[in-house]
């Protein structure tokens, strides 16, 4: 992509002066000899909603996996709230306040839906009643989950599992939420709802890094966006600028 | 005839309880990692041998029992820490081979420490036979059955009702996702190896007063425990118990009523028949995979 | 295209060794045992490594083959080659009969069922002493002869077993590299998707089970004539496990891996005997160490190492994480 | 001409009714889409069609043949192929080999022939390779032929499944959410691919949540809600059906 | 072989029959060291080459080959179990190496094979000895129980075959596995038969469990064990339940209690003292190795060479050799050379062996 968009400062004024919640510098990761992401640097500021767009194989999933400790970083660093969390084990990163709703849903298939949600709060020290209230909250977002709460998660339909995966990540009460294609497999009605939920969460102060193929919808609610190509950050800009950029439209928005 | 059958049943339940305990050990590690731990029988052997060794060193009996359990638990931890955990990226089958290696190694170690002798161990509360209806049992039989019931209920509670128990289950079904919800997968595995080693040790010191012990006493018990766990449905604690008891009773009835030479064959034929009609065992969950 | 390059090298080594060392115990005696185990491991590898199934009762088929030859040649004075064929036929029938019910099962349940089958066969061999000789075994099995030539020295036996062993490898390589081989691996990858592509997976699994059983039966017949004596303990649970270990240790889903595993696992105890009481400890330790540091198997590990050295790939590559691609749990 | 006909189909799991009394028919050569909310029973319908689930009631007829009692591979032999919502890729093979498995029904070599590696086997191998590369090319994956399937990103795996299904030269292709995980530009490519398949005479049964795609290419659309038929008709008709809008599309579409 | 005499051995030093192989190996090592210290045989040192079969017949065959081909031993003294002996016999017979087996089965020397000898009493002799004792007590109905290993099976077969000769009927015939943990079911069946005595053929932990189970079920019938339990270990394991158990065994177990006039006494006491000084309690099994080793070495000594045929012939010419198992006199048709009198009938009293006379 050739056009040069100016490197944008964080969208809202106040954020410019604060330290970023997430600061990634020179991050790279390999699968064996294959390099999947190369020299990625990005920041997410407190309260921001940042989205990442890119084609199949651009390295979006790998990036999120590297952030949440599933995948090892070969070089570079990840700072979360000023702390270096590079290559920490996943469970400690989660306990530190980052939750990740992974690609492909990855629900605990033989466990019940309720167990899945409870495990979502595994890293938290909160009281049982608090957690139960939050589970109810998830159920009110996705009533179908409540209906099937005692069934094995593996028997859910694809879209229902997606709801569960998002719900499970929300149960972790994260300060930074990583979402990998949350709208995948959801009905149009629910896609709209999911984006509303994401926006709500963001408004409640949760910082969000969102990977979406539904780039248009994602950019509509995002503050800023990064475009990934072949494992590199091709450029980044405010969401609005990206939405209106011709080459982005051509490559990702179907025009 | 009727009296005889009562005796067969009583004996079968007592033998079956030990199989159940060994099977329970299998279930725990299976629940955490999907791996069948072929060194489970060696935990049983080590439990009994440790008691014998400790008694020989003059440690008082009840203390020796506790210390033996602690020792074997430690062995379980070590097996996980030094053999299972470093083998990152090993498939389930490769991990099973590691446990087979571990079973040989532990047997070899026991051979070096205690030699090839068969040892006896005193019963918990004497050898005086007890008459219960038409059946005769020794007190140790009752200890076996009693402790089995307690442990099984405990394990069942652990997996069904506690969050840690569920977290262990989550590890075996999806390590990545388990890590992402904040479960320390390594710690869970360590816990499960320790726990099943401890249960194995308990099985060992329960049965040794009846069946003696030696460095190679674990192999057969391990095999029977595996059969029990499978018959009941791998991973289910109630299943392990049901499987163990059924196996014990089948053996006893087979030996008593049909042919003692073929009693193991009879038991296995029936296990095969059960699996034919219930491919996931008596209490096993059907696997949930959707396409 | 040099599909069989590795095979030619291996065959050359197998042929050259006895020429260079015609009277060496480690070549003619241990070597023959290795080659025999290669037949078993390569056969089982088709079932375990490629088709992704598990069998802990494979020694039973080895035993049925051996006992068929032993009983038919001693009690009925049947021609040894004929007996071998009858053994193969018998195993074909038995394997087909047990396949249907047993192969319904998956994973550990399949492991248990095959284990049970193996134990039942062993118990029959022990108990039916009127024809099997019971635990004391059956002796005085005549040796094989070929065109009037008695196979009666270690060297000749080496040659005979080497022939069958190489044939087994060739057959295995051919199968893997064909439609039938892809069928096997597809069953492993996703049974349902394979069915959707028109693969009759039940038949595929049955066929490969029967085929690997027949490999074992062949090895059993050779074994019986070579040793001139059979007893049930050679065909027990322990040996079943040993064959599986050969396959996994060498490297699953690789014919050469199975060969490699057979070599290592036969040689190891033979060299460890000098350690006497420490033998078990060391053997167990090596087995564990091998799998811990080379979970993909010796052969795969070594070829990868060689390749990286040859390619001069610099820079450390981090270990790939076992990112789970499938949603299903191991059942 | 009707190629697929479902009559009074039922499927329940224990107490849960996934599909209830569903009847519809697909005409040869058309693109027939099934849409509906999550959990409406679309995938379940596919699974019954392919013999993964046995219907609790009703029947499915394909090209005049009742599929009841047929096993999956026999159903496949009728000319039906499909892709999966929960990916069913052979991760232990390369991309090309995955597709080569797809050619299974067009070839014959069995164990014995393979073991002996007769000349016919070698010829057949060459042919299979050709077919497979062709299918890969059609799906834009030819450059990945020798990659391990496990190393592909999600979006490409979805296309790999299509290539594999095509390699079996199906008369009828059922696709479960082919555009999930594709961005809008990639979705356009997918649309073009599906249209090409239609031009080749393949009847297509499509499940998809991407309404842009469905409405543009479908000849007819079936809407499921809670396992029941909610509506059926042209995209136009369905799109304007208030019940469909309420249950599925949402007001703002 | 040049200036050493090579004695080969393959024994079950580990594995289920380690209680046989272990004392056997120790005995061989101890005595060969002793012989060498005293200047060897005819000025030649004796070298022991040993392999552990772990009780595995397949390994036994390969090790026999290894001894013959690679180590080129002059004579083989070994084979702890009947299984490993029978398995390696074809190879040994083919190669023509004198072989003295330490295993029990009568099949090893009946029919006689040219190169194979053995020193332990046979199971047939054990059964006969037991039946004689039963006859003397007027017992005619016997319940048989046996392990399903080679030893137990073979003993069972001999017991069944010999019973009619002694006017005995077998009224129950049970068996148990080597690693079974409880035999109550089998014993229950015996209890409900009308047996007047019980005979058990087996070794390892099985016989001890059988003994305990019998007493637990309150069965007071006379219990006979085989020579398979002829070690102190059995008394340890079975504890009180072992009281009154009778078994046929070599005189070694009661060496000190023998009459001074007993021809074997000197040899027995010497062996016992030597072994116990070094390793702990003796068992009769180590004694078999002692007998085998000395029969072989004396034959070599007499042959004045290690020529295989000459040694074989000299072993056959063994006459009046006083061993631990009895007094051996072999011949072309008798490759064991022991009579029934080599067995003593013992009874366990107060946790110790006592002679029944």
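All chains are identified by letter, namely A, B, C, D and E, in their written order; residue positions are counted from 1 within each chain.
In this text, a residue touches a chain if its C-beta (ideal position, glycine included) is under 8 Å from a C-beta of that chain, and two chains touch if they have at least 3 such contacts.
To keep track of the chains, here are their UniProt names: A = High-affinity branched-chain amino acid transport ATP-binding protein; B, C = Branched-chain amino acid ABC transporter permease; D = ABC transporter ATP-binding protein.
Worth saying up front: this structure is predicted, and the values here are computed from it rather than measured.
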Partner chains shared by subunit B and subunit E (touch criterion as defined above): C
Contact distance in steps, from subunit D to subunit E: 2
Label of the chain whose CA centroid is most distant from the centroid of subunit C: A
Most distant chain from subunit D, judged by the mean position of its C-alpha atoms: E
Centre distance in Å when subunit C and subunit E are each reduced to the mean of their C-alpha atoms: 37
Distance from subunit C to subunit B - Cα centre to Cα centre, in angstrom: 30
Subunit B and subunit D: spacing of chain centres that average the CA atoms, whole Å: 47
Junction residues of subunit A, two or more chains touched: 31, 70, 104, 106-107, 109-110, 154-155
Touching two or more other chains - residues of subunit D: 43, 52, 84-88
Contacts with two or more other chains, residues of subunit E listed in rising order: 14, 148
Of all residues in subunit B, those that touch subunit E in their complex: 4, 7-8, 11-12, 14-15, 18, 111, 116-118, 120, 127, 129, 136, 138, 207, 210-212, 214, 216-217, 219-221, 251-253, 255-256, 260-261, 263-264
Subunit A contact footprint on subunit B (complex, rising order): 163, 166-167, 169-170, 173-174, 176-186, 285, 287-290
Residue numbers on subunit A that touch subunit B, as the complex places them: 68-70, 89-92, 94-95, 99-100, 102, 106-111, 115, 118-120, 122-124, 152-155, 168-169, 171-172
Contact set on subunit D toward subunit A in their complex: 13, 16, 36-40, 42-44, 85-87, 151-156, 177, 180-188, 209, 211-212, 247-250, 252-253
Contact footprint of subunit B on subunit E as seen in their complex: 14-16, 18-19, 22, 148, 174-182, 184-186, 188-189, 192, 204-205, 208-209, 212, 216-218, 233, 236-237, 239-240
